[in-house]
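This is the structure I have questions about; it appears just below.
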Amino acid sequence: MIDLSVEVAGIRMQNPVLVASGTFGCGEEYSPLFDVGRLGALVTKGITLKPWQGNKPPRICETPAGLLNAVGLQNPGVDAFIHEILPVMKGYGVPVIANIAGFTKEEFVEIAERLTGTGVDGLEINISCPNVKSGGMALGTVPELAAEVVEAVVESTSLPVIVKLTPNVTDIVALARAVTDAGADALSLINTLLGMAIDIKSRRPVLGNVLGGLSGPAIRPVAVRAVWQVSQAVDVPVIGMGGICRGEDALEFILAGATAVAVGSAHFRDPLAAMKIISYLEHYCEENGINDWQKLIGTAWKNK
Amino acid sequence: MIDLSVEVAGIRMQNPVLVASGTFGCGEEYSPLFDVGRLGALVTKGITLKPWQGNKPPRICETPAGLLNAVGLQNPGVDAFIHEILPVMKGYGVPVIANIAGFTKEEFVEIAERLTGTGVDGLEINISCPNVKSGGMALGTVPELAAEVVEAVVESTSLPVIVKLTPNVTDIVALARAVTDAGADALSLINTLLGMAIDIKSRRPVLGNVLGGLSGPAIRPVAVRAVWQVSQAVDVPVIGMGGICRGEDALEFILAGATAVAVGSAHFRDPLAAMKIISYLEHYCEENGINDWQKLIGTAWKNK
Amino acid sequence: MGTECRADAQLSDYAARVLEQVAVAPGCRLLTVSSPGLARAASPGQFALLGCGTGYDPFLRRPLSFHRVDVKRGKVSFLYRVKGSGTQWLAERRRGDVIPVLGPLGRGFRHSDRGKRGLLVGAGLGAAPLLFLAERLSRQAWSLTVLLGAPTRTGILRADAFERFGTVRTVTEDGSTPKKGTILDLLQEEINRGGWDTIYACGPRVVLKAVQEISARTGIPAQISVEERMACGLGACLGCACRSASSSGYLRVCREGPVFDAGEVILDD
Amino acid sequence: MGTECRADAQLSDYAARVLEQVAVAPGCRLLTVSSPGLARAASPGQFALLGCGTGYDPFLRRPLSFHRVDVKRGKVSFLYRVKGSGTQWLAERRRGDVIPVLGPLGRGFRHSDRGKRGLLVGAGLGAAPLLFLAERLSRQAWSLTVLLGAPTRTGILRADAFERFGTVRTVTEDGSTPKKGTILDLLQEEINRGGWDTIYACGPRVVLKAVQEISARTGIPAQISVEERMACGLGACLGCACRSASSSGYLRVCREGPVFDAGEVILDD
């Protein structure tokens, strides 16, 4: 069988298929359905410094070929994460990447420091969550502010630092350059698009939080574009995500320049999506006689 | 029957259902299918100063619940428009709004001047087309530049000026405020989202132009959000568009704060979409005993 | 019916083949699929996520409660109302079609060891999970009264099926059944009559809230089946939040529920 | 077959009921719908946009050429290959189902008044629009030769149906029919033999380009049916551009085409 292993930000993975933050719990939820240890890596739900109860319901609203979510970073806080959740996640024998969300630069640093040396394999800085009101978004949309956060986190930890970018900006390439210059070891893109829905019966917003993040196949073209643009502009690996449901979609992201991919909303439609994608990539390489599959990365722009 | 008439930027329309620029030709294409004169207004394809041949094919790529297009402003130029196309469009007896696209401020002004006094009922300044490389996008994403263009156009014409905004920005409200302060009489939102697709067989971008604009139901939540945010921030009417396919969708935009709506990609799935939407709105008002249907505008945030 | 269901053991994404689909009332259908594994694993009050549509619209799966389960024949039935695009798609499935069914999910109804006199409260579609419960309870020699209420006669669902397992009382708001009123009137009557060990309820929030209030007031334990919009159904996405009564946070309807003890949750509007 | 079709007169979005759907080759289906109005209006070489799916995915309609039209019985047939999600959905339609069919669209094949000896070139699915053409031409006493080519035997479509209207010659790349080679070999043979008044071709770009080249070289007028991705099908969106040979701009495949005179367009890859 072909070797799909890959290294992202110094984190060795047996294959390039990760799960997207916030969509996969701590692995335990999906473990009755498949061997979670076959994934490339696990990514946690966003972790805050203090416990965070999240937004009031409804938190989910289906939209054409996607969904809006406004979960809002519900999590038990970094300390409970380390003691209660991390051991479960480490149990699957694959790298665990902690998605961290601070409301200030200092909080990001403190979360990073607490996670260092706990067994976590890398950090994914979530400066892009649209579902938290105070600051979250602003930090992630202004290149200078984003770079400051990243620089501070990089200095405070020995862990690899992946930075997750929002697509809700005028110039994602500028943002990518800024955080890469600030020391990011890899980039994750994209987070959800800012959206909302209104219930015509009640004539009010559907989501308890009013605004939510749009994910799923609907946003795939936007995500592919972001990966295409950013992967040509920076030298660090890109983890692509946004509407990846099938093997063909994952391949599209790889061709666009992603080194690895993450599966998110697809799990809600097909809980075995990630497994099927791994199989697809294996078969694709075999059928096309591809030995070094990493040569596929960015083919679409290398061939231009 | 309930009176759905509305005034947008001083343009009187028999109902609030327009067609979106670039999706409806000059009306003649759809006239065998329904009475085009029943629409609220017609909006032209983007008009440039000189004839413009557009992008090389493929120009269309279906995506989940939407499509990418990279037509790229193919049009015969403003003079041919005035002599060949405008008379056809005026023939339907409803207002004709000219969507204009310049590559510089001076071009916008010149197109506006030439259209003034020709019978065109209003201008829609397209500072947001993602399918033209030189300048188009930048003008529309920087509030100061956008405001300059709008100010110059407003000064050069007696026609009502509607400004069409791109959602591909960090802060659409700032953009809306800037162009409104510069004299825009109304706003159209949203234009397409910047996206792309890669053909996994050829391992190349699908579209001849590589990048394209994403439209259709997939983007509706982003459009509703933009209308919701902008309509609360400015005092001019908003024409909402982005994925409106059914009467319920149109109503969602009205509740979000739109004074009128435009139907675009929906025509490709159901050529009678706009007609059905008009009927729906009529029935909705009757069934719900709504006499002054304009009271519905922005109900979702007025009720907050 | 287990105490704490051990669903995980046989939780799977079953490819269930449609055996039969019939209309039981206007806009209301009974769908029966073949899925022996699912039938064995399911407990009353649990639910499944049914994949709807072939493209990505509709995108999410639809949660439906187990309505009847025939372990011997490997049959599972769902009783549902055709509401939007997902259930519309389900309604078009015919014998032989295959539907992806992820389940069993969630925590179902629990034993109460106080006694075996049960009051089942099913408002409208709330009848759906109660038939399976009634069957299992009656097997364990419970004595049951089932209250079914709806705006009008056609909304009273499966009364005949319930009759095999206990006394059925129906009520309609328009008086198209002998008794006119709301299910809450009926419930209050039965509570006044007294002698109940446990109340099991499913239906709109207003009914569940009334049950919570009655349970708190009378001390009769009640279990309520709660609905919330879902994405994963597995407890992973935190989408299906319901406010916890005991902490400042939220419980997951798909995991800690959908059946909660009446005092466990706060039902906002 | 009219000269310039006056499609607009009866252009409509028909709700066409499926009469029959059969597999004619692996992955290749013949769909017949009832639509008297459409049948009356359709000309050879024109096409329709078929609505696929119930949700918004797939979103766009699919263009298919008219394969056979029975005006008397109000029947219209499409011959198509199951390729992606849209045609997959079509393939699942059964007798009685309704499909939205917008048409007739575009400019079909035109009369040539040079003479009545026609060479029809159908590569693979390119056979689809040619049967309708062959029928109408043969009614007008044309003498026709139909070339059908495919990689292998099962790709030769509807040879028997074509035989009613002219001489059929087939070729396969793997030699699974008597003659081995490409359709271009066969075409060259026929051109060498001579005596043709008009060539009508449909198939992959490489075949159409060869026909363009032969037409230019020999002076035999040719008409080619071109495919491009479409959104509106009506000429409104400018999505289906094909480079014009006579100007620096583009023609619309859905409006000025899909059938072009060989010299009218430049086929890029």
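Order as written gives the chain letters A, B, C and D; numbering starts at 1 within each chain.
We take it that a residue touches a chain if its C-beta (ideal position, glycine included) is under 8 Å from a C-beta of that chain, and two chains touch if they have at least 3 such contacts.
Quick caveat: nothing in here was measured; it's all calculated off a predicted structure.
J.: Please indicate which chain is farthest from chain B, where distance is taken between mean Cα coordinates of the chains.
T.: So the farthest one, by centre of C-alpha atoms, is C.
J.: Determine which of the two chain pairs, A-D or B-D, is joined by the larger number of C-beta pairs in contact.
T.: Of A-D and B-D, more C-beta pairs in contact link B-D.
J.: Nearest whole angstrom, what separates the Cα centre of chain B from the Cα centre of chain C?
T.: 46
J.: Can you give the whole-Å distance between the Cα centres of chain B and chain D?
T.: Inter-chain centre distance comes to 35 Å.
J.: Take the average of all CA coordinates in chain C, do the same for chain D, and state the distance between these two points in whole angstrom.
T.: From the centre of chain C to the centre of chain D is 54 Å.
J.: Which positions in chain C are in touch with at least two other chains?
T.: 55-58
J.: Using the touch rule from the top of the page, what residues of chain A touch 2 or more other chains?
T.: Touching at least two other chains: 63-66, 216-218.
J.: Edges wherever two chains touch, nodes for the chains themselves; is that graph a line, a ring, a star, complete, or other here?
T.: complete
J.: Note which residues of chain A are touching chain D in the complex, please.
T.: 64-65, 217
J.: Of all residues in chain D, which touch chain A in the complex?
T.: Within the complex, chain D touches chain A at residues 55-57.
J.: Tell me, which parts of chain B touch chain A in their complex?
T.: 63-66, 68, 141, 168-171, 193-198, 200, 203-205, 210-212, 214, 216-222, 224-225, 228, 243, 248, 251-252, 255-256, 296, 299-300, 303-304
J.: If we count contacts the way the header does, which residues on chain A are in touch with chain C in the complex?
T.: Against chain C, the touching part of chain A is residues 22-25, 29-30, 32-33, 45, 51, 53-67, 69, 71, 74, 216-218, 245, 265, 267-272.
J.: In their complex, what parts of chain D are in touch with chain C?
T.: Its residues touching chain C are 53-58, 85, 88-89.
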